Amino acid sequence: MNVKPDFSKNANAAQTAPAFLSVWDMHSYYGESYIVQGISFNVHEGEILALLGRNGAGKTSTLRSIARTGSPEVRSGEIWLDHQPLHKMTSHEAAAVGLGLVPEDRRIIPGLTVEENLQLAQIAPPIGWSLERIYDLFPRLGERRKQEGITLSGGEQQMLSIARALARDIKVLLLDEPYEGLAPVIVDEIEKTLIHIKEQGMTTIIVEQNAVRALELADRAVILDTGGIVFDGTASEVLENEELRSEYLAI
Amino acid sequence: MDAILLQILNGLDKGSAYALIALGLTLIFGTLGVVNFAHGALFMIGAFCAVTLQRILNLSFESVDESQTDFLGNPLKVKTPYVEAWFGPEAGAVIIDWSVPLAVLFAIPIMLFVGYAMERGLIKFFYKRPHADQILVTFGLAIVLQEVIKYFFGANPIQTPPPEALRGSLDLGVMVGFDPNAIIYPIWRLVYFVFATVIIGGVFAFLQFTTFGMVVRAGMADRETVGLLGINIDRRFTIMFGIAAAVAGLAGVMYGPLNPPNYHMGMDFLVLSFVVVVVGGMGSLPGAVLAGFLLGILESFASTTWATTTIPGINQIIIYLVAIIILLTRPRGLMGRKGVMED
Amino acid sequence: MGILEVKDVGKRFGGLQALSNVNLSVKENSVHAIIGPNGAGKSTLLNCLVGKLIPDSGSVMFDGQSVLGRAPFEINQMGISRVFQTPEIFGDLTVMENMLIPIFAMRDGAFRMHAYETVANEREVIEQAEQMLEEMNMADKRHMHSAALSRGDKRRLEIGMCLSQKPRLLLLDEPTAGMARADTNNTIDLLKQISEERDITIAIIEHDMHVVFSLANRITVLAQGTPLVEDDPQNIRGNPKVREAYLGESA
Amino acid sequence: MLGLDKKDTTLLIIVALLTLLAPFLLNPFPSDSAMAQFNAGYPDLMQRFVIFGIFAVGFNILFGLTGYLSFGHAAFLGIGSYSAVWMFKLFSYNVIPAIALSVIMAGLFSLLIGFISLRRSGIYFSILTLAFAQMSFALAYSVLSNPKFNLTNGETGLQVYADDPQMFHRDGLPDLPHLFGLSMRSTYTLDMGAWSFDFNAGYYLCAVIMMIVFYLAIRIFRSPFGMMLRAVKSNQQRMNYTGLNSRPYTLAAFVISGMYAGLAGGLMAAMDPLAGAERMQWTASGEVVLMTILGGTGTLIGPVLGAGFIKYFENIFSKINDSVLHGWFAFLPDGMEDFVVAVLHPFVGKGWHLTLGILFMLVVIFLPGGLVEGGTRLRNWFRGKRSGADDKPSGKTEPAE
Amino acid sequence: FTNEPTGGTVTLGFNVPQTGPYADEGNDELLAQQLAVEHLNGEGDGGCLNTFTSKALKGNGILGKKVTFVTGDTQTKSDAARASAKSMIEKDGAIMINGGSSSGVAVAVQGLCQEAGIIFMAGLTHANDTTGKDRKKNGFRHFFNAYMSGAALAPVLAKEMGADRRAYHLTADYNWGWTQEESIVASTEALGWETVNTVKTPLASTDFSSYIAPVLNSGADVLVLNHYGGNMVNSLTNAIQFGLLDKVANGKDFKIVVPLYSELMAAGAGENIKGVLGSMNYNWQLENEGSKAFVKSFGEKYGKPPSNSAQTCYAQVLLYADAVERAGSFNPCAVVEALEGFEFDGLGNGKTLYRAEDHQCFKDVLVVRGAQNPTNAYDTLEIVEITPVDQVTYPPDHPMFGGAEATLGECNEGA
């Protein structure tokens, strides 16, 4: 399906690297459990990619592999972001290159206030949105800035988690179920924000159980099943493909 | 009145030692979450830095003095330290005399290196391991460090006296209007107290007025997420460990003149320093310092004749008794943070 | 008189009045949904019901008895089970063992010293657990360490654990968040089925309106710590106040 | 068998064989050979192996299952010993009542200390138990041994004196701990050529008791109670919201492990009628922690291995002195011999601590699951079954064994 | 009897602290014991075999059997010491156990050897109980005891400090400390001294400042440190820090007394011991024949003079061997008989008696003082007075030694 792109340093990037973020034949393991079983896909600059699939399909594992968290461990394969070999980096190096992950379990740091959670994101360059801009988007966080982050309500935590990613100047945003636990009004808000930052050139991968919602937002979609890719195409193709929808997305 | 003041003063210097050791320990244990049974050994190594420097300064060449004999009746070999030969007898003697304060400078790079090596070479691999494994490996390390020191320096204590000018005691009581001899206080203990205050203040300032402390705390709570935010947490942990080792080491260097160093002095302080840190509350620097001073002063009071006759044996159990009472009335010690090492 | 009667409950966190004058009555064998914006106090209210928090004022009666001042395990023994917003399971134990524990708790009460029996001999308990796993579609994962489950699976497991206790009142805090569509539908069916077949009353917090409207007989909308309206589902959907505060356009 | 599944039965049989045949297994070298220094099959050390094995197995019921790390279990060991010696002093040298009292007293004390300490968890719990144990130690060492009120006889240790009442002591019974007349010291020595094997009554008493309590430990591990204890370790919050009161579970585990410790203490006194205060010191509590971790926390057999490991070093390595070394390497040319001895010298005899410290580190670095893990790896290696990439994606399914 | 030697060798067990704070002390003991074995086997220069008044030993081992030894680590803990002794008895077939550096250990191991039917010769143990209420038929002590320290020190103290002194005691809070305090208090009060206060310090203390601080203000003018080892080094260092020796109290110069000295403690305390009085069992500077022979032999082999515990352990090995030779048997009961009431000289302490009633050695006791101007590292203590044996002798039923009830019991020859 895919052709392995050539990312060698001196090659002419515009011609040889069709994609901004490229995953090539990635295999990841949790200990001895073989989870991500050789997947490849490309994301182009400024594009929103929806990564879909059932529970346990390996979506989170894929995102975490790209973000170089170390668990799951990527045993082989290549990941390139804007000509940088992510597969050779640790998570903080990958973050420095411009990767931002909003993890599925939010990962608000205990013991730190809301504001400290945000400041933490701005310690290592490159710095992104200012705190004012963040509080403008999420007034709720502004009101709660001195509260300990983990005592926030579930939805507030989700906002903080997204805000924390935006506080850094990132090139690719990896969203793992960003709408989970959010009130419908807020979901609308965030969706608008995503479209807004997309217009400013942000590249995004979104994992979402509400497939319809994700597909309406996304340009393209990749569907995973038991660690492998079963579909890679445009979002509208999925919406039109009855079989895919019922088989993998139950919609 | 004077008796009370006296015991408060005594408690202060005991407390300074506890607070300094606990300060270093809480950086590793309360902040990095590593149960470091080798912390006492770091304290001990600090003290032996002073011993080593003293030995270095006393390195001597031998000449035979026919007029005297040694214990087997052979002519006596007289030793003259090189420093005395190089800088003249007087200057040389002064340098040797000031070996403990000089050892502070000598110990800083050594302790930073020891901390660095320990963290990079060993502890690094244990952040994610269960506390039990950390206990085993650091306990093993502590034994090894101890035995190495014992191999080179023996088991007997070795005097590291303070400089001549700082020996002896002051009659503080007279200064505030008590009878002579009511409150005497050794000069070096005052020095130790001031030194402890400076170090504690320095560490506080560093962690309070920079984001370093926050980042390390965050890193301990959730390494992965901090990494995802582009922060190289490993490096900061290493620095933290180095600082902690240096604090422990300096506490040891300066402690030598109070009580001569021996190879097991670290183990003697180990349990106590854990108690101090936990009573202070996990993850709280001020807590550790407060608990250090509190327990030091209470221990001093408990050792008065009045206390021991009222409750026999109180001086032996006071620290543990207070620890139990505090931990039962305050769930996380004096100022502990929620969720740190509670499971 | 409902099985659960909440009267004038108030709860403060420092400067924040998280709940004030909450009155709520849940009828026996009904499914009562509590919805509302993020941070409205929904989870806080549940915490007050299960003994995790003690309200500053007001009373909470379950089946004519006050639950206030009781320890969580006592409240559970009265017949209230709760599913948490972030899955709370026994991560070090296998899926099967996770399922056995609540059944033991139901059979033997808060404490019993079974030190000389063997788990493997408890045929009856094991059967019940197996059956529940079947129902939750998790039988094939029974030997997995539950920490290694994907998040949707964890959530299903937790629901199963609560159901296996045959509680009289089941409290669900966003049970389907992060669950794949297909499983969400299954869960809806399961909940429907048990609420009809067994004597179970369900109080559910959910942001997924699909779930809410398929299940609930009655809905309370909470906003800023106080009930905004309580009504039947169809009326809520049309309520302009609710639309503005919570549902947004997408409802 | 005995209500155990096949795997556990095998384990139990292995343990039984190992303990019963220990006099042979631990004395593999002819008694006049140079390697005889490594023989451990003499009564005192064999007794220590099983006694500390009992102590560690009990400790593991608390620590391995619930995760509550007590740093004060030596206090119960000490209380067990003191109770037993008092039994000897007041009534008779028969070990049965003495051991029974040890277990009961340790149980009572652990009930009290556990009840208080278990109000806290994590490190706060550890420090509470440590504080209690250190207080007991301080009291036993000096306060309770003052001439007016001598309960413990201080640093020397509580002993039986000729003028003690010993109300049920009759002439004809041994003047040493005995089991209805069978002295714990009586040893039958079997000489087979160059080999010699000691069969000691005390050891076999300990061994039988150890098999019983080991069996009990297996039952506890496999019982619903054991599962609840693991649930405590895993998620106490969930447990409470599932209608279980975690406190009595942890307290029960604490008391059971305290009683194991008391049993070990009583047996120690039964083998050698003296109870020293150092048995209660934090280093002694630390030792059982180390034994458990070293062997493999939460495994059944691990603590026993860990106990054996540490006691072996303490008793065998500390006795290797330079003249023993010279004996071993006498076959080397003189220069070489001195060199080898000089190299080994820091690690044996008075340097046995160094070796132990290094081994602690090596084990924990290379065998994260303790010695048991080493055993598992060896077994896999022998079977040639290297776990490969063909494993299906599944988590660990093996419950703690 | 237990462990009867059958082959051509006989095994002795040397049980000394090899780890823990007394490791150096133990090491010294071990060196001395090895030297003794050499001399027994006719190797080396023969040491005290040449000066010993009993001529039974011929340098051909014991009863013609070559002497070998095993070593063990007491860790200065009763439990560990007993374990180590048991392994020597059960595994290595040791026929006698020698050494140790604390009274608790000595009493514990002595009890064990009594039960096992082995001869025990204690090392450094100074508490009265070892040959007092805990005396055993199979156990012997060459070292002196707290009572003797008091009796020897008192006259010297009176001479140097006068009879009108007020003493403040700091005492390690365990058995040895108490007996020493009791002995010193009794003998100084007999001089006319007054005891202002006796304060118990926990054994685990490392810093004594809070005990030292009130001393000056208490009206005392003498501080008695009933501490040993690390305790003593630290308490003395603290006392010097507080400047006690520079002070004047009750119109007199303040003084410190350390009733029990050892060379290693003196080395550890460094300059702080200058002028401080104490007592010792033996000192290498003694000028008698036995001492000279021993110091020469030890010094040439190890490059340093022997400590007093080393001398004790050395002497005891020779004494045991000699008793076996004289008894003509290794049977412990025969050895006991040979040692009881045995009088000898030439092992370094001058004329010595092994008293039959309690197995305590009676000999002159040294009163020493920290040297003002040591010329070398070993010259830390100088002998002030050699107190004659009569002055330190007491009746076997002395109340400090268990009174009339204390008995040795029966000799046990074991299996």
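Letters A, B, C, D and E name the chains as they come in the text, with residue numbers starting at 1 for each one.
To be clear about the criterion, contacts are C-beta pairs under 8 Å (C-beta built on N, C-alpha and C of every residue); 3 or more make two chains touch, one makes a residue touch a chain.
Chain by chain, the UniProt names read as follows: A, C = ABC transporter ATP-binding protein; B, D = Branched-chain amino acid ABC transporter permease.
Everything quoted here is computed from the prediction, not taken from an experiment.
Participant: Could you tell me which chains make contact with chain C and chain E both?
Facilitator: Per touch definition, common to chain C and chain E: D.
Participant: Considering only mean CA positions as chain centres, point out the chain farthest from chain B.
Facilitator: So the farthest one, by centre of C-alpha atoms, is C.
Participant: Please tell me the distance, in whole Å, between the geometric centres of chain C and chain D computed from their C-alpha atoms.
Facilitator: So the centre of chain C lies 46 Å away from the centre of chain D.
Participant: Counting only Cα atoms for the centres, state how far chain A is from chain C in Å.
Facilitator: 30
Participant: So the centre of each chain is just the mean of its C-alpha atoms; given that, what is the distance between chain A and chain E in Å?
Facilitator: 77
Participant: In angstrom, rounded to a whole number, how far apart do the mean CA points of chain B and chain C lie?
Facilitator: Distance between chain centres, rounded to whole Å: 53 Å.
Participant: What are the residues of chain E that contact at least two other chains?
Facilitator: 23, 173, 200, 202, 204
Participant: Considering chain D alone, which of its residues make contact with at least two other chains?
Facilitator: Chain D, residues with two or more chain partners: 138, 141-142, 353, 394-396.
Participant: Of all residues in chain B, which are in touch with two or more distinct other chains?
Facilitator: Touching at least two other chains: 316.
Participant: Along chain A, where are the residues that touch chain C in the complex?
Facilitator: 30, 33, 53-56, 60, 104-105, 140, 147, 151-156, 158-159, 177, 180-188, 209-211, 249-251
Participant: Going by the contact rule set out above, which residues of chain B touch chain D in the complex?
Facilitator: Residue positions touching the partner: 35, 122, 125, 129-133, 135-137, 139-144, 146-148, 151, 271, 274-275, 278-279, 282, 312-313, 316-317, 319-321, 323-324, 327-328, 331-333, 336, 341-343.
Participant: Name, in rising order, each residue of chain D that touches chain E in their complex.
Facilitator: Result: residues 39, 42-45, 48, 138, 141-142, 145, 147, 154-157, 159, 162-163, 176, 185, 187, 198, 272, 274, 276, 278-279, 314-315, 318-319, 321, 323, 349-350, 352-353 of chain D touch chain E.
Participant: Where on chain E does chain B make contact in their complex?
Facilitator: Interface residues on chain E, with respect to chain B: 20-24, 173, 197, 199-202, 204, 206-207, 209-211, 213-214, 216-217, 230, 233-234, 237-238, 241-243, 246-247, 249, 264, 267-272, 284-285, 295-296, 299-300, 305, 375-376, 378-379.
Participant: What does chain D use to touch chain B in their complex?
Facilitator: 63, 67, 69, 116, 119-124, 126-128, 130-132, 134-135, 138-139, 141-143, 146, 236, 282, 286, 289-290, 292-294, 297, 346, 351, 353-354, 356-361, 363-365, 368
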